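Here's a structure for you.
When the chains are written out, they are named A, B, C and D in that same order, and each has its own residue count from 1.
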Amino acid sequence: MDVTKRLSGANYVLWGGREGYETLLNTSLKRELEQMGRMLSLVVEYKHKIGFSGQILLEPKPKEPTVHQYDFDTATVFGFLKRFGLESEVKVNLEANHALLAGHTFEHEIATAADLGILGSLDINRGDPLLGWDTDQFPADLYSMTLAMYQVIQAGGLGMGGMNFDAKVRRQSTEPEDLLHAHIGGVDMCARAFLIAAKVQEEGRLAEIVSTRYAGWNLPENQAILAGKESLDEIAARSEERNINPQPRSGRQEQLENLINRYL
Amino acid sequence: MDVTKRLSGANYVLWGGREGYETLLNTSLKRELEQMGRMLSLVVEYKHKIGFSGQILLEPKPKEPTVHQYDFDTATVFGFLKRFGLESEVKVNLEANHALLAGHTFEHEIATAADLGILGSLDINRGDPLLGWDTDQFPADLYSMTLAMYQVIQAGGLGMGGMNFDAKVRRQSTEPEDLLHAHIGGVDMCARAFLIAAKVQEEGRLAEIVSTRYAGWNLPENQAILAGKESLDEIAARSEERNINPQPRSGRQEQLENLINRYL
Amino acid sequence: MDVTKRLSGANYVLWGGREGYETLLNTSLKRELEQMGRMLSLVVEYKHKIGFSGQILLEPKPKEPTVHQYDFDTATVFGFLKRFGLESEVKVNLEANHALLAGHTFEHEIATAADLGILGSLDINRGDPLLGWDTDQFPADLYSMTLAMYQVIQAGGLGMGGMNFDAKVRRQSTEPEDLLHAHIGGVDMCARAFLIAAKVQEEGRLAEIVSTRYAGWNLPENQAILAGKESLDEIAARSEERNINPQPRSGRQEQLENLINRYL
Amino acid sequence: MDVTKRLSGANYVLWGGREGYETLLNTSLKRELEQMGRMLSLVVEYKHKIGFSGQILLEPKPKEPTVHQYDFDTATVFGFLKRFGLESEVKVNLEANHALLAGHTFEHEIATAADLGILGSLDINRGDPLLGWDTDQFPADLYSMTLAMYQVIQAGGLGMGGMNFDAKVRRQSTEPEDLLHAHIGGVDMCARAFLIAAKVQEEGRLAEIVSTRYAGWNLPENQAILAGKESLDEIAARSEERNINPQPRSGRQEQLENLINRYL
């Protein structure tokens, strides 16, 4: 971290790729997590002591090499940070394939982190849905990258964070030239996806449909619910009095998927 | 909940089997989670208002029917409770197959909930590691049930919670008799596993090995670290001064697995 | 089949969605497969007897509702057909999500069936890589559909077979309008993917790179190996004599992925 | 193979751990499989030429390191052998974790190979159902090992084959002593499982239930169906004439699982 500060680095990832356990037979989860919490608190104290102004990042990863990594996914990391009072000090560095291994999409992890206020930075690589390990391939799927970029834009961007190719060429890509193709393809993929996502955002049709879906919650009486100004009894009484009987409305998933595909 | 109170029920599970989303294209994660947080707060307020003294439980489940359920696993639920200040009001009802679908073992979920102080109750069923949906089979695997029961004992038991067969016979088990076999086998499995786990606990060999592993952390200087009385600088200085250079020690996984197998 | 003949149907799918087993404890695999083999032979005899000129199709599917379906994937079906001498009588009807559940890509199943001479027809739908059951969604991913269509073209088309939406709208798509969006999007996806794949084929760059990779095998001495005209000793002697020492060459995966992406 | 012969080896495994492909973009499946078929034929010819009397074995494995291994599972290998006329020359060496990665149980692979006449030898290790890669752990689960051993006994034993620990201790088991614990536990597990399976076999209750399930097929008229002496028309006519209207009978899975558990 001292070196990062001297180099004016903006991000410091505490890469947690080894922190987890293989079997509870030899592990005290309680002790492990307390030790990790203390360690992270010490790091944050140190950051302030030396005046490093960049952000501290944890990298969620569900498994590999251990069976149970402690930083399983964004939601798990958030709970851990909250427990130790670090949720405003530490953010997450998200990786597409770690999301997949945890049973999530990349855009789910981005949206979750944004919602929880801990979106930090992105590792731009991909895994293979058919494989159960971390292949760290360069991105090649415009569709899923576009969905990820759209969530980045919804989140207001990455702030101090950025995008990093934590990726490698495939085992059979044995020539230096392959590295060039991989990076060119990867950067190009990011740029194309971002431009498409930006257009989706600017034209606003998707956002409008989503906001229409939740429009009812903007009414004063429903805002009052969210603001905690009413009890269950009061809400129930009002609902009965007004004979509120909402009908299910379509989620319109296919229409929205078509909409995105028209931008590709 | 009113009925539960009248019946002197000790547990009230807010079964969340439908709460999740299919696609972010039509979903505001931010709004959904705020609404869920408010809903749960209202329920807790109501519980206190009517004087229901049982415990409120959420049931973690990662998927099915939706792609992304909000109560993915215990760690996710804990973060959610912390966010809305409900971690001392709401506990979890854990189910073996939900653990599996989330990429965890049942014993992991039990140990995690115990560590976080939210272990509530258990649904005793099982899934099939080869299948990706919730089969809700009756338990039949003594080994994994023993590991689960051992964690229950470590946690000091289930308190107000209990064990419930949220299970069904297989599609081809079409006769009433099958229900009998299923329940007899399931109860028997719980009893055998508990007796074995109790013996493991009473003889104390496993616990002793685990506690030896962490023994160093009981030293006053290391307790001081955990208590937050030292900074990274101080710890580093002390380590260098004493020339502390710990060597990796074996996790002894195979030995411990053999130990358990000798009890079966 | 009589009705299909009267309607001039060209395909008859023996949909095997129920044939499999839950546990070997109650199952004789040997008997089950012999019975299935006999059943299929009877069906083929009947086809010839009534003079039905369409093709008989099996539909590979690895699981759901049973744990182990007998027609797991294309390679399994081929072995089954060979065993009962039916490989020139029966073909496969492939479905994208069944491929995924079996650990394959859709294009893998198409290429395998084409290579084995049993490519029959396609169910055009998709699954969700995050889910372990058959969602039967309408296709929405241009990239993977293009890869599938490219294999269809490589195979010389589908012959008597065709493409069929064995798909349904999502659970939350509750309005009639959703069915329209789904079908429009699905047909459009097929058309776009086919046009792109046709262009890849016509421009021939991808095919050229692949054929260059295997060019050495076209040499007379290597054709002789494939034709079974040489023994291991002879091949070894020749290799040593000519001091053949091939160096690994790059598989160029990233370059080829970029190439495809430029067509999208 | 020459060395194996000189050492009086009884088995020669063509370990296929590298044969597969990453992407169809750079691969001709047709050429690859023809080359593999020729290679295997050459090996078999060579075996006969040098008079090696042991058995040649392929080892099914679905993935790792490639995305699509050619010897995916036993059924795939059988189809491949049939295609090249090698099904009486080559058998399979099965490994528990490869079964799991392919979506099967170990006992499924053993029963399938036995039924197809290609059961050769076993690698006795295990994977972790939560992980998607080949952990090659020592066996520790008595239940699943018993089910595997029962299938070995059903198959009439392993003939020339045997059992081999293709296993390694876990990453954290860093001391020589761990190797001892692992092998002792593994051998013990095999022995216990075999003894239990032998007892299940000798007492015959499980076999009796299964054979009762299929008893109807032993009737002369049903044997005639299997022997191919009747057409669909004849079978249909007979069924209508006798008013055959079979009712579903329970698969009794829970009862059978209980039965096995009573032996453990």
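Definition applied: a residue touches a chain if its C-beta (ideal position, glycine included) is under 8 Å from a C-beta of that chain, and two chains touch if they have at least 3 such contacts.
Predicted, not measured: the structure shown is a model, and the values here were computed from it.
S.K.: Quickly list, by label, the chains bordering both chain A and chain B.
M.R.: A chain counts here if it touches both chain A and chain B, which gives C, D.
S.K.: Which chain lies the greatest distance away from chain D when centres are computed from Cα atoms alone?
M.R.: A
S.K.: Could you tell me which pair, C-D or A-D, is linked by more C-beta pairs in contact?
M.R.: Greater number of contacting C-beta pairs: C-D.
S.K.: Averaged over CA atoms, how far is the centre of chain B from the centre of chain D? Could you give it in whole Å?
M.R.: Chain centroid spacing, chain B to chain D, equals 35 Å.
S.K.: What is the distance, in whole Å, between the centres of chain A and chain D, each centre taken as the mean of its C-alpha atoms?
M.R.: 42
S.K.: Using Cα averages as centroids, what's the distance between chain C and chain D in whole Å?
M.R.: Here the centre of chain D sits 24 Å away from the centre of chain C.
S.K.: Mark out which residues of chain C touch at least two other chains, giving numbers and ranges.
M.R.: Only 22, 26, 63, 68, 101, 103-105, 130, 170, 172, 251-253, 257 qualify.
S.K.: With chains as vertices and touches as edges, which is it: line, ring, star, complete or other?
M.R.: Shape of the chain contacts: complete, all pairs touching.
S.K.: Enumerate the contact residues on chain D facing chain C in the complex.
M.R.: Listed in rising order, the residues of chain D that touch chain C are 22-31, 33-35, 38, 41-43, 45-46, 49, 62-63, 68, 72-73, 75-76, 78-80, 82-83, 101-105, 107-108, 111-112, 114-116, 147, 151, 206, 209-210, 213-214, 217, 225-226, 228, 231-233, 235, 251-253, 256-257, 259-260.
S.K.: If you look only at chain B, which of its residues touch chain D in the complex?
M.R.: By the definition above, chain B touches chain D via 100, 103-105, 129-130, 138, 140-143, 169-170, 172-175, 177-178, 181-182, 184-185, 188-189, 248-255, 257-258, 261, 264.
S.K.: Could you pull out which chain C residues touch chain B in their complex?
M.R.: 22, 26, 63-65, 67-68, 101, 128, 130-133, 170-172
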